[in-house]
Amino acid sequence: MSRFLRKHAWVSGLAALLVVLLIVTKLIQPSFGASGLESIARAALPFAFATAGMAVVVIVGGIDLSVASMMAVCAVTAAVLMERMAGIPALMIVLSLGLAMGLINGALIVLTRVPDIVVTLAMLFVWEGAALLILESPGGATADWLEHAIRGSFVFDGLPKALLVIALGIAIIWLPIRRTKLGLSIYATGSDERAAFRSGVAVGRTKIAAYAVCGLFCAMGGLSLAALTGIGEPVPGPYLMASVAAVVLGGVVLGGGKGGLLGPIIAVFILRIIRTILTLLAVDPNVTTIIEGTIMVAVVMLGTAASLRGARR
Amino acid sequence: MSAQNTDTPLTRFGRYLRDNPIIPLLVFLFLMIALLEVLRPGIVMPIRAGRDGLISSFWVGNLIKFAIPLAMLAACQVLTMLTAGIDLSVGVVATVSAFVCATLSAVWGVAPAVFVALAAALAVGVVNGIGVGLVRVHPLIMTLGTGLIATGCLQVYQRLVINAGTHIPEFLAWLGTGRTAGMPNGLIVFVPFALFILWLMRYTGFGRLLFALGSNEHAAKLSGVRAWQVYLALYVLSSLIAALAGLLYLGMIRQTSLSLANPLLLPSVAAAVIGGTSIFGGRGSYAGAIVGALILRVLDTMLTLLQMPEGARTALFGLIILAVTALYVRITGTR
Amino acid sequence: MTNTALLDASGVAKSFGAVRALTDARLTVAEGEIVALMGANGAGKSTFVKIITGALKPDAGHVLIRGKPAPVGSPAEARRSGLVPVYQEPSLIPDLDVADNLRLTSTPSDPFRHWVSELGITDLALSDMICDLPLATLRILDLARALAAEPDVLLLDEMTAALPTDLVDRVLKTVRGKANDGMGVIYVSHRFTEISDLCDRATVLRDGQTVGDLDIEDGVEDRVVELMLGQKLDLGQRAMARTTFPQGQTPRLRVRTLAAEPKFSDVSFDLYPGEVLGVVALEGQGQDELFDVLAGFEKPSAGRVEVDGKPVSFTHPADAIAAGLTFVPGNRADALLSQRSVKENIALPFSARPANWGPLNRRHERARVGYAIEKLQIDTRAQGEVQRLSGGNQQKVTIGRWLATGVETLLLFDPTRGIDVRTKRQIYPLVRELAEQGAAILFYTSELEEVPLACDRAVVIFNGRVVDVIDGAEADEQTLMRAAYGLTAAEGAA
Amino acid sequence: AGGHKSYTIGVSNTVQGNGWREQMICAMRAQALVEGDVNNIIVAHRNTDSAGQLEDINNLIEAGVDAIVLNPSNPDALNSALEQAMAQDIVVVAVDAGVTAEGAYILSNNQEEYAYLGAKWLFEQLGGKGDVVYMRGIAGVSADTDRDNGFKRALEEFPDIKVVHEVFTGWQQDQGKQQMFDFLATGIPFDGVWTSGIDNVIVDVFTESGAPLVPIVGADNAGFVQYLTEVDGLKGAAVTNPGSVGGAGIALAVDILNGEAPDSKTVLVDPVLWENTTDDGVATISAAQNPNLDPEWPVSVTVPGWTDYTMEQIIACEGPGEG
């Protein structure tokens, strides 16, 4: 048990923080309940998928600056397609599009040997441009069932469908990978690329796969944007910096090899709920920016300090 | 030992390029300028320009003028990246210093305004340095956080000075918009600045330590380096450079805005990495970053002048950046 | 033994830019044969091993397995062809636990566990994270993993360099046993004792070329060294001139009841200027932590350290350096700026303090660095980046740094790890020379036979305590070995 | 009417750090302060997309506001949250741009008209014939699309006008300035410039490079309006696009809460054009000018007939329950 806690200290700490924040919210606004949870879960939807994608590439030792742009491409594609054809095939097309974009990112990184950050910085513009070419201005429409899939609660109040979508989406993709050799290779490559190569890992293919998974998550993020707004917007939202922040907050080490997806997802919820609290408190929005920045830095500072003390082995 | 003279001239040339990575970058730059001249004859050398005769705006001068603030912010990225860090607060710091300077100049006069602008930057730098050096927060998060905090502070501050008016100090306007012999006056600041950075990186103990920390912090510690001192100095320096760039930019644009220099952030990172600086630390070149900044600016011009849908323009921008770096990596064999 | 060559590599060439690491390397191994691959630092041994096992692509050459061309395009392919290496650096993934590292290479865990305990590691759990394990254990795990893969040919690159004596014996015994079962072994090492104990044949590389192939028999050492170096070398200067110490003198370093629980609990000794004090200990007796404490990396939990009679306490290695204590760590990866030049690596301490952040004194730097390079004969062909030097030359750079800076008290932790004979023979006199110039030197080595060559006295650490102090004159290997195993202590107690 | 009610009003806005939006927010606060019935204003004001605005609106609903005044990022994207708000009897007023949610009130600047008015003036100024530069805002953003429609409408009426350069400034001063320098450098001649609000830096480009000035259309930003009176040889027009429409939105929301809802759900505030080529025009501009104002702020700080605050109050930028 203590071993478990030590190994998962960071994630457990985050989960505890989340619970505390939920209680604080309830104290500030006694009427906060199922609908509040539901709206937080819905708000977290695109962030969660962007963060999951980012986390996977950070674990493999890279970074993907093009997540927000890929989400925009997928959102507009979904909106354009669903206006014209049945929802399910459109959904499939969007998911494969995300996968394909991720594959392209990964392949370019491996083939050109240009560092990840440069390739994805360039692809940020390429995908952003692609989104504008697909849809010049906001428009299109999404299937109704897609909107309903993320609205309301599942079975009982207090279990938002959006939360379920996040859990399922990530579990279906990540858990199988995590269990196979690919997952192991992803961690190995991120931890020490040379040692991984010498252990027989196909380093290049592993990286490409990780970026493809990231693309797939971005497709889900784009779909959730389309589902939330009912249209497609070709301008990338603020998901890049937010996902990097959540990934680091969630205990995934930039540089690779460490961490999982649970921590970052909890971090996403923490960041969302902080915004809710600040709105409920009617804090001046300029001050809100200051507080958000401070909290982000403070949490990481505290965590770093705590883990430094813990690491005195 | 092993014979060197059996190499073919081609491999020797390849090695020469690898040891002087700035050369292929310069070649790219000139190729792009040549392409621009082909696309828009007369733009580079204004032999005939305008319906009303010769326009004094000399394109090369403008190119350099707009590249200067970008190249200065790229210096922040190069220096921090040497230590495997990054400074994402520079755009905001530049904006803050410009905004504070312009608004306070109208109230208190120029000298105090410049002083306060630099002090604000100093504060951000100290916080960054403490966070990264002492508390060991990842620089990306730390500077992202302080950038957010500084933005919030700027917003709060601007509510206090809505009716204060603005004043752009004359010497900044002169530096930012004036020309001497066709070249922008900003070079008067920039040339010494660039020489200082190049000298700092190559010929000082501090520069050595930046490379050392980025290569292997443990080894530096072993040699008696107290890393936090270096980080503190580094992030303070980075913020001060950003503030300086912000002041220059204020003189150039002659207009305050709450997001004046923020759009320069991503390009400053791009300029540094195009110039051959590794975000993983231990390798970097400021000369490369300067050429990187020029390349980005030429690219801007090229795309502005091409008539095509905005989407295609944006996508092309990304593709060209990728192609340039990929070719560069191929030629020099570095990454 | 049959005559089928299990592995036959020939004509192998490889250049890194201007550096020609291999020009014409050859090697054969038959079933059940143990072949030593020998050569001076930088001769190309590791490069050859990497090429055979697919970690590097050769510019030219063939690898035949049982007479047929073998696919060895990548480490995974080589593994499938029956070639399993243990590289000089641990090739385990630091952020995964042991079990996951096994899964990654599809290594069955039962034979792995068998080999781990056979090799003398008893306290290993499969859930241990690799990054928490000491270097010596990692070497053993690497070997156990390779053995569990049931290779046809096992390639060991300086496998024993970082191992303490007791583990080395286990390794040699195990490898011999496997060879008797028919496995072919390629064994890279700089230690002649191991090679004459273990190997059947030696293939010698010089400047990237195979220059000889000799059967191991009495007196072959001289011949090998001659081939390796292309010249004769005077071996076996055993006894050194010894200085005697004025008893009343203040010790440079006085350590009293020093402890860093739970690693070591009671260490006391005096180190005088002009003295080389050996530290004799088996793996994991607390010597790593002792050096860390003295170098300012860790805080002691109890005890006292005095430098020149004044009590000191360190919060950072910089404090230790200010007090004149400089440290060469055992793991060279910890000490090197791998992407930077030899010069920058050696000159690093010059700019450590803020007072020296200004302009470099380049003349002074060039002189000092040049002095260190020359003293240690560092092969600087690939000096642009230290990571391109061969392992032995990298090791020399870590020592050269303090040679250039000047030393008062030098803490040397296994400085001859992976260094070839010639350089070793240069390092002992160098250490003595430094001592004669007034330096005080604390010298831990994993090779016991080095102790009498370099040290005036030796403290023996067992189970975290100093159990004995042995005078250099009486320190033959036998005595040292018994002491290291705690035998003298037991006798003393009895 | 009532006078002793106590409303809480929520505000949602998705662009931060732009003078126009800052003025809008200040106008909202000032108007809320002078409305006696409002005792609290919650402002959600940040840079985000439609999904982020949905989050903010949902948070405002959670906070139990009586009315939501928003500057929508997109007319169609917010329906889910807005419908939920109206289902809970929260009054919804969209300012600056419209929303399509059934039952929401819209009080917006007419962006299409804004572009049409300025473009028409420019083309007339050129005598119906010539080459112009068209400097837009951000690609893919609703306001830019609306303005483009207006510009195109004017263009159709003047077949001899040709657009020689079309570019997106991203509503960034520095970007616009660099682009104009580039246009001058190409040597391709043009006779007029239409800008989407990045205006005074364009004038600077001409004066700094010594190029002869051409007619320029901008917005009523303090800096540009000042240039219209000061810069020698500058012929230009400012089209009003008051950020204070936000204040009007608050006033409308309070009226509705007090049971004084207007008949029509949509109120369009039509822009006015101030030009400096006639004496009347110069007089209007001089009256409107305010050199002390932040140069990015529109000079039209009030919307006559709607807002009640004073200049001091909007500049103080403080709402009830704040500060």
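Order of writing sets the labels: A, B, C and D. Residues in every chain begin at 1.
Methods note: a residue touches a chain if its C-beta (ideal position, glycine included) is under 8 Å from a C-beta of that chain, and two chains touch if they have at least 3 such contacts.
Computed from a predicted model, the values in this text were never measured in an experiment.
Taking B-C and A-C together, the chain pair joined by more C-beta contacts is B-C. If you average the CA atoms of chain C and of chain D, the two centres end up 72 Å from each other. Between the CA-based centres of chain A and chain C the separation comes to 45 Å, rounded to the whole angstrom. With centres defined as mean CA coordinates, chain B is found 30 Å away from chain A.
In chain D, the residues that reach two or more other chains under the touch definition are 16, 139.
Shown for chain A are the residues in touch with two or more other chains, namely 131-132, 136, 234, 284-286, 288-289.
Pairs of chains that satisfy the touch definition comprise A-B, A-C, A-D, B-C, B-D. Listed in rising order, the residues of chain A touching chain B in the complex are 108, 112-115, 117-119, 121-134, 136, 234, 241, 244-245, 248-249, 254-255, 284-294, 296-297, 300-301, 304-305, 308. Touching chain B in their complex are the following residues of chain D: 16-19, 22, 26, 139, 165-168, 170, 172-175, 177-179, 181-189, 200-201, 204, 208-212, 223, 291-297, 315, 317.
Put simply, chain D touches chain A in their complex at residues 16, 40-52, 54-56, 58-64, 74, 76-80, 138-142, 144-145, 321-322.
Chain C meets chain B in the complex at residues 15, 17-20, 23, 207-208, 295, 297, 316-318, 321-322, 327, 329, 333-340, 344-345, 347-354, 356-360, 362, 379, 381, 401. Those residues of chain A that touch chain C in the shared complex are 181, 184-185, 187-188, 190-192, 194-202, 257-258, 313.
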